[in-house]
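See the structures that follow.
Same chain, two partners: chain A is paired with chain B first, then with chain C.
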Partner chain A sequence: MIINLAWKNIWRNKTRSFVIIGAIALGLFSGTYLSALMTGWVMDTVNADIKINLSHVQIHDSTFLQNSDIGAFFNKTAVEQQFASSNINGKMTCRLKLNGMLASANNAVGVTAKGIFKDTEMTVSDIATQIPDSFGVFLPDDARMPVVISEKTAEKLKVRLKSKIVFTFSDIHGNMQSLAFRVSGIFHTSNGLFDEANVFVRYNDIFPVTGLPDEAVHEAAVLLPDIETCALDFPKIKDLYPQLKVQDWKELNPMLSMSLQWTNLMSVIIISIFLFALTFGIINTMLMAVLERTRELGMLGAIGMSKRKIFSMIMLETVFLTFVGSIIGIILAVALLLPSLQNGLDLTPLIGNDFEDFGGFSSIVYPILNVEMILEIIGLVILAGILSAIYPARKALKLKALDAIRV
Partner chain B sequence: MTTIIETKNLCKTFKDSAQEVHAVENVSLNIAEGEFTAIVGPSGSGKTTLLNLIGGLDNATSGKIVIDGQDISMLSEKQMTEFRLRNIGFIFQAYNLIPVLTAKENVSFVMDLQGRKKSETNARTRELLEAVGLSDRMDSRPAKLSGGQQQRVAVARALASKPKFILADEPNANLDSKSAQHLLEMMEKLNEQEKITFIFSTHDPRIMAKAKRIITLEDGKIVSDEYK
Partner chain C sequence: MKQAMYLLIAVICSFSTMNAQGLTATGIVKKVDENSRGNKLYSEIKMTIVRPTWTREIGIKSWSKGNDYSLAVITSPAKEKGQAFLKRQKDLWNWVPSIGRMIKMSSSVMGQSWMGSDFTNDDLMRESSTVNDYTHRLDASETVREFDCYKLTLTPKEDAAVVWGKVVMWVDKKDFVEIKTEFYDEDGILINTFNSFDIKSFGKRRLASRMEVVPADKPNQKTVMTVIKYDFDTPIADSFFSQQNMRNRV
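The block that comes next holds the complex of A and B.
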């Protein structure tokens, strides 16, 4: 009966209840929508960078990261065998990384040439899928000395598919080596910095002129099922190679990791501000609801309703208000987010492509609806509702039946 | 007849900075089961205060109130609320129904508070609303009922808990004469047929005419106590 009465009481003043339910719904909708958008934006960036650039884990000689020295290599087979003998569920690929100049007849740019093994590279990296149709293919087996460059590099060098370009670098002995390549593919990723800095060639095409010993590589990249698995497996991989520098994606790109933490913090701050404002709204509404029912609450006490039941009734009214508002807010947010979960939300008209140049933030955002996050938000809103109802409910408890009836 | 209410040297004094007001002064009376009693007197004579003391809504400054053998001045606030729920029915001047509940729900509310079985509650609610002539308005909310009908719902609610007695504070004050007459006849019938004890605080000559006992108060003291 108390539940029935509390439910009916919230519809006693429909306008007031709709205003507070609307405020809760709007706040929750904004919080959920923004949170899903921000999480999606950052997670897209994290995943894209992992799939194209970082992988989950990278292994280098400990001195390689300081100066990208060509002599800071390790043995490919040894590293791969150690990985294969572990029970870690992941894919590994190895690369040569050579800094040098890439020149066309018109221009020259500084790049890192990644000498890759195509078969394993494609299990770890999505770079091959970043070549649009009619922009060639990723290092075809039958092509002679193919190179894959980015759209930005192609623009700078003023070259097209099948154009000839020359890569010049210093071999292990310090001698300058030049190799001529033909552009077999032009890629475009959402990370402008990555695009400008990297070109891809076959390991076997570039290795012979490096002067390095057989099976020398500079980098091993490991792709695990997801970042959660990475958090678990990273220490195991680290233990596998005590003599090498093993880093996870967070260490490799601290800014990206920071963006993720910052986004989570921003979500918490936004929701906290909303909850703080909501608390005052609920206190005000419930206080009005109690004060205008002074006589009725007195009568309830007179006919034998205990203070505990009166307190529960006021608390239940608040829970109902916040719950209804929360559900409406969540439904609104989900309804508006659903179409963009599959196709993404194109923010180009608002922010252009500037963020791509900044470091991999795509202008098309795929929001992430996290059920756990939604439940947490609903829980927090109801908790805020309960906490803010305590003062009005205590106010109702202090009413003496006789004094209240006299009002 | 069994005595159900006994007051001994009951006093209630209100104090403000300037003076003390003796609203009820040394009132000793016994009310027996089945009585139809009116407490009358001019405004400020202490009728409502006496009724509130008997109903456990207010605490006496001194003296004793024993209801059905229980000294209620010894009860805590929580115990008193429970005592009212089980033993006393109230009819207020302004009806004081719960506006969001239907007539039926208003009546069954008290029984729900008592924790009675749903089937028993439903049956008694129907029985009581039929007794007060509102079987066709069970699902109406108070706002859709006339003043007289609302007060009849209030009577049914007061009876719902099967109280030992009913306290009615100026029950006719807000009613037109026809409704007031109808309500009074209904309460008289309940008293005669079902031996329900009614205690009124009133100015209304119609209630005084029907009452079997009239206690007159002046300045908080009983100046006459007459049985008809």
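The block that comes next holds the complex of A and C.
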């Protein structure tokens, strides 16, 4: 009965109700849209960085991270066997990491050469898929001394596919070693810093000149099914190798994990600000609705409607207003987001490609719609509606029936 | 009969590897290499860096022994005086007196310019040898400036750690001095040209006394080395090439 009455009361002044519903819808729409976009942007970056650069977990010798010393290696087979016998559902690959200079006839750049095992590398890292069509292939087995470099490095060295480049580095004894490679593929990721710093060669091509003992590697990378399993399995992996430095992606790139948390916080803050502003609008509207209806409310009291029922009627009116508004807002946001969930939203005309240069923020964003987040937002809106209805409803309660009728 | 045929084959083979003057392309390159490197060498050189808007002169004293040891000290201008570079086998060290520090030059700085010139640190350290890392071909006789030269094309061997696509060299027929050398990348684009001028006698040898490096893609830019003094006769001990010595040699 009260519910019916409250719903009908809303539509007595259509303009006013539509204005407040519109305001709520607009606020919710932009809040949902923005946070989906932001979460998508950061999650894209996190996933891309994990798939191409970080993996979920990396293992190094404990001194390697200080200065990437060539002597800070560990035994590949031992580490791999330990991992295989641990029943952790994940994939592991090992790499050599050598700092040195890559030179062409035109120029020279400092890079890290990753000496990889192609079979396992391709199960852990997506780097092989980052080579566009007609830009070669990832270290083909039949090639002599192939190297895969990034588009940026290729531009700096002024080289193309099949060009010869020379990699110079210090071996374990401190002697300079030079090796000639041929470019077999040119990759491009959304992380400009990664592109500039890394080149890929086959372990077996570069290992013989390093002077390292057999089976020596500098890095083991582990890819787990997803970020959630990583949180569970990371401590287990850490326990497997007490003598080595084991780090998860959050430790490897603290900025990345921080930006993920920061985005979640930002979404909440933005929506809270919207709601806070909306609260004033709702208070204003409901106060008007109550003051306008002094006579009517007095009459309801005089014919015996209890104060509790009057209070809940006003409350319900507010909740209906906000609920309708938020549903419309969220439906609008979802409708607008749906097409870009699959194909992504190209922000290049707005922001250009500049973000790629610092740390891999792609200009194409795949928004992420989080049902949990939407439910949270609806809950927050209704809470805000109820809180802001308290003051007008109290005003209605304080009316003395006889005085009110006489107005 | 059989013996005679073997003899004939041997004779033909030995002839086919020689040209009219009895020199193969590889032989010429070897002679140039021996002539220019020498075993013990003290030199005083003036290096002029020419840029579009300015030029700069640097005085260098250097000692070297074979390919493994060399020591170079900057003598002028005053700002850089006392800076020293020491090469011992595969290591390169730099002594900077203004900060009182010895710096071991890592592979990552090898691509950088040496003292702001058109030489890179790598050029000074380069392990590649014109004799072993290339296949040589004698193309023709040509006259470069006033010199009658052999024209040679050097192509790097597949596995050689050489950045050039090919090197074209003109060698003086009389004195076996590189008169002009052109360095090309793999696309056949000219990168650097090396020229020598003013061949003079230094002791028993005849060598160029002025050399220049001209980068092809930078107009009005070059680096000129003028020889003030060469000394081939004073013996130098291996122990001369030490870190202690590089600090107080000016």
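Just so we're on the same page, the second predicted complex is superposed on the first by the 407 of 407 C-alpha atoms of A that agree within 3 Å, B and C clash if a C-alpha of one lies under 4 Å from a C-alpha of the other, contacts with A are read in each partner's own complex, and residues count from 1 in each chain.
As a convention for this text, contacts are C-beta pairs under 8 Å (C-beta built on N, C-alpha and C of every residue); 3 or more make two chains touch, one makes a residue touch a chain.
Because the structure is predicted, anything quoted here is derived from the model rather than measured.
Colleague: Once the two structures are overlaid on chain A, check if chain B and chain C clash or fit side by side.
Modeller: fit
Colleague: Regarding the shared-chain residue A:T93, is it in contact with chain B (first), chain C (second), both, or neither?
Modeller: The answer is neither, since A:T93 touches no partner chain.
Colleague: Once the shared chain is lined up, is A:S388 touching chain B (first), chain C (second), both, or neither of them?
Modeller: In the superposition, A:S388 touches no partner, neither chain B nor chain C.
Colleague: So if I put the vertex at the Cα centre of chain A, how wide is the angle out to the Cα centres of chain B and chain C? Nearest 10 degrees is fine.
Modeller: Reported to the nearest 10, the angle reads 160 degrees.
Colleague: Taking the superposition on A as described, I'd like to know which of chain B and chain C A:T189 touches: first, second, both or neither.
Modeller: Neither partner.
Colleague: Hey, is it chain B or chain C that touches more of chain A?
Modeller: After superposing on chain A, more of chain A is contacted by C.
Colleague: Classify the contacts of A:T322 with the two partner chains as first (chain B alone), second (chain C alone), both, or neither.
Modeller: In the superposed model, A:T322 contacts neither chain B nor chain C.
Colleague: Looking at the overlay, does A:M176 come into contact with chain B only (first), chain C only (second), both, or neither?
Modeller: second
Colleague: Taking the superposition on A as described, I'd like to know which of chain B and chain C A:K158 touches: first, second, both or neither.
Modeller: So A:K158 only meets chain C here.
Colleague: With the two complexes superposed on chain A, say which partner A:R144 touches: chain B (first), chain C (second), both, or neither.
Modeller: Touch partner of A:R144: chain C, not chain B.
Colleague: Taking the superposition as given, tell me the minimum C-alpha spacing from chain B to chain C, whole angstrom.
Modeller: 82
Colleague: I'd like to check the shared interface: which positions of chain A are touched by both chain B and chain C across the two complexes?
Modeller: No residue sits in both footprints.
Colleague: Sort out for me which residues of chain A touch chain C in the complex.
Modeller: My answer: residues 99-101, 103-110, 144-145, 158-160, 163-166, 168-170, 174-176, 178-180.
Colleague: Enumerate the contact residues on chain A facing chain B in the complex.
Modeller: Residues of chain A touching chain B: 1, 4-5, 8-9, 11-12, 295-296, 299-307, 309, 401-402, 405.
Colleague: In the complex formed with chain A, which residues of chain B make contact?
Modeller: Chain B reaches chain A through residues 52, 55, 57-58, 77-78, 81-82, 84-86, 90, 92, 94, 96, 98-101, 105, 108-110, 112-114, 157, 161.
Colleague: Taking the complex as given, what residues does chain C use to touch chain A?
Modeller: 89-91, 106-112, 120, 122, 125, 127-128, 156, 158-165, 183-187, 191
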